[in-house]
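Consider the two complexes below, in which subunit A is the common component and subunit B and subunit C are the respective partners.
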Partner chain A sequence: MDNTYFISDFCHITAEEVSVNGTVILKNETAGFETFLKEVYQAIDLKYSKFFKMDTLSKLTFLGAELLLKKEGSDVENWKETALVFSNKSSSLETDRKHQQSIEDSENFYPSPAVFVYTLPNIGMGEVAIRHQLQTDNAFFVFDEFEPEFLQKYTVSLLQEKKCSQILCGWTEVDGVSRHGFFYVVSQHGTTLHTKQNIKNIYTQS
Partner chain B sequence: MEALKQELKESIIETLNLEEFSPADIDDNDALFGDGLGLDSIDALELIVLLDKDYGIKLTDPEESKTIFKSVEVLATYIEANRTK
Partner chain C sequence: MKVPCYISATGLVTPLGFSVKDNFNLLLKDISAIQKHKDGTISATSFYAAMLSEEKIDAQFQQLGNPKKFTKLEKMMLLSLGQTLASSAVKISAKTALIVATTKGNIDALEQDSSFEEKRAYLPELAKKLVAFYNFTTQPIIVSNACVSGILAVAVAKRILTTDLYDNAVIVAGDLVTKFTLSGFQSFQALSDSPCKPYSKYRNGITLGEGAASVFVSKEKPDSNAVQILGDGTSNDANHISGPSRTGEGLYRSILTAMTEAQLEANEIDFISAHGTATLYNDEMESIAFTRRRLQHVPLHSLKGVFGHTLGASGLLETVIGLEMMHQKTMLPSVGFDVVGVSKPLHILRQLQHQPIDVLLKTASGFGGCNTAVLFKKVS
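And then the complex of A and B:
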């Protein structure tokens, strides 16, 4: 088996724009981040009402997967065997705070089950797995900063162990003013070698 | 009763984030779960919280909630008979 892996596609979602493989596909003219994510949903013509029930972190995760896994020309059989490896700095802290606020006042104690279910950072990956019927490995790591070296080694390990045919990796940070997503697919197809430096380079492209 | 049904439709849309629906899209007798609005188990829990928060009704029997959440019509009738606020 050829153990050479490539970054076959990548995507950035920021408060300013969405780009796929370095090409801007949508710019945010006026909306806040949450509203912009809805605009992305509409722009790519999604029909998935569960999207609106998700927290911001899961919406971001979901859209990154939509943009890369079902892009034109993608191999359906390949994306069914896609493992998910995500990471961020703030875990699900924003939603955790929202839940905490709803249980602080004993006189007004009405925690929302729909908020509570998103108080883990890996729930967005679950949404992706349900949407794309993935029964593959998934892992979520919390780091102080983006860790290309760790991610490179971890994804290669999964691929070499034949746990999957490709991997969708993501850095999905949602807390306060820090709101952005970076996604890339690692497989045996492509032209950009899957190296620590190349991961770092495309991460910093946004 | 008509005002309560309208209020419920608006609350359900807002609370359950049914952004692709407007109150006019929900018929009084539409099934809330299954083939109707397609609500799920987390939505059912949200409706239980909504009944407590907005109408002072505490549901404890899951079987009872299955019946009460059949449609807006059934839900409004139940609220009218049991509300404490």
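And then the complex of A and C:
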């Protein structure tokens, strides 16, 4: 039963490059990660000013969804029923530290709602939901490392409940020098079987 | 692929007490855990919150281990887990999942003067402490999805029990009142200047709270006090990251999905344990969503007036109280409610009622536009 689902498309965003279905579409020559994400934004000709208000984790999440959900000729009805299953190791800690810095010193106390709202790992999924009008199931998990077996089983059980027609899965890790976005779509269309091993293989392909 | 699953044991650690029974007995007396606090380490000004002193926790924790080795939240979660594991009498196996639901975990480990390493703020580190303490053998599953985390974890448990990976699951949810969260909600001007008043005309924001709750979920039907998880739904508003939808779209859809899965009609739902944070927009949104789903006549409460908003813990904490109401055939009132302040009239309970609850609906909504609804049914 599990293998009737496929990994339809996948992409990686790292500090070095962006690739879609194994093909590199943009290389990072010199820029830091945050700047590189803005270059990706320009390279795919996005016009969405809210992007610049987002923290790094949300920007990464947003771009991954943009690369996979806006494919030409994709079935609109299908992507409206795209559920989101995301995970990472460090939750929103990078932004958490920023908020903590702003409140640590009572002489210099300046908490900002614009920072605080991003101190949740699921906010990026919210941004994706708004952008693509996905009123669907979403869940954010935190694991010590990428968990292909759990994700494979969880994704299939969600699909089998018929609460969505396809799922965008993402591993979005942003913490110090560790930065990796890995995204894939699970649906009934494609050629790569949605198995634990295949997920693992394409995860390590970055 | 339907696999019935049941909740048969619960645990609770709140400012009202260290067991479900102690908590419930105080709830029967209309007691609220919300108090005025003056604590310079958390806020320069005084504030209302439902807080649990570490001294009280440590006194309880002595029976389990050395309180100095664990953070406040870890101790609360371990104490709650201890109750659930003891009353379920489960033998933890290679097919027992541990699901940890939290919004901010040990976020206080980021504070400069924390006696714990910064590393402790990573959620997997928190989960590792729980795993090691009770000898779980599977990888812990952490759900961190803002304020729906605790109830979403119940839906996750139900879902993963349909796979061959697990036979049963223990869920624990917990969150703290910290300088981090208090200052954040202050910056949003979302905090109430008095104990919060869900659905009231006079409500003006949330009151934060802290607590830990846990449940045991199994495919095996328990002999007594069995409650089945009948259906669940999660839906994003796709509208705004820090404010609810004006039409209650996500909450409406999540309830609809849960009811469809459970094959239940509106008139078969006996009680709603709602989210009711007491912000102007949230409670108004709920009144619209419940009315759209024709649930305006169903008795309803929010427990935020008792426990405050315990963030990621709230969904599970309020579920645990909900399950106890089902066992005790008692509907608890919505503390803090007086004059109706939402545009669609809901059946908000002012007084305790001794009435059976066979089907309970639990809902929650949170930042990021998330909404989750789960339906529970008593089975004999």
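In this section, the second predicted complex is superposed on the first by the 203 of 206 C-alpha atoms of A that agree within 3 Å, B and C clash if a C-alpha of one lies under 4 Å from a C-alpha of the other, contacts with A are read in each partner's own complex, and residues count from 1 in each chain.
One rule holds in what follows: a residue touches a chain if its C-beta (ideal position, glycine included) is under 8 Å from a C-beta of that chain, and two chains touch if they have at least 3 such contacts.
What you see is a predicted model; the values in this text were computed from it and never measured.
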Using the superposition on chain A described above, determine whether A:L193 touches subunit B (first), subunit C (second), both, or neither.
-> neither
Quick one: classify A:P113 as touching subunit B (first), subunit C (second), both or neither.
-> both
Tell me which partner A:Q160 touches in the superposition: subunit B (first), subunit C (second), both or neither.
-> second
Partner with the higher number of touched subunit A residues, subunit C or subunit B | C
Kindly classify A:V24 by the partners it touches after superposition: subunit B alone (first), subunit C alone (second), both, or neither?
-> neither
Who does A:S49 touch here: subunit B (first), subunit C (second), both, or neither?
-> first
Which parts of subunit A are in contact with subunit B and also with subunit C?
-> 111-113, 117
Enumerate the contact residues on subunit B facing subunit A in the complex.
-> 16-20, 38, 42-43, 45-46, 49, 52-53
Interface residues, subunit A side, partner subunit B - complex | 38, 49, 52-53, 110-114, 117
Contact footprint of subunit A on subunit C as seen in their complex | 1, 44, 103-105, 107, 110-112, 121-124, 127-128, 139, 141-146, 152, 156, 159-160, 162-165, 179-180, 183-188, 233-242, 249-250, 253, 257, 261, 366-370
Along subunit A, where are the residues that touch subunit C in the complex?
-> 84, 89-91, 93, 96-97, 99-100, 103-104, 106, 109, 111-113, 116-117, 119-123, 125-127, 129-130, 132-144, 147, 149-150, 153-154, 156-158, 160-161, 163
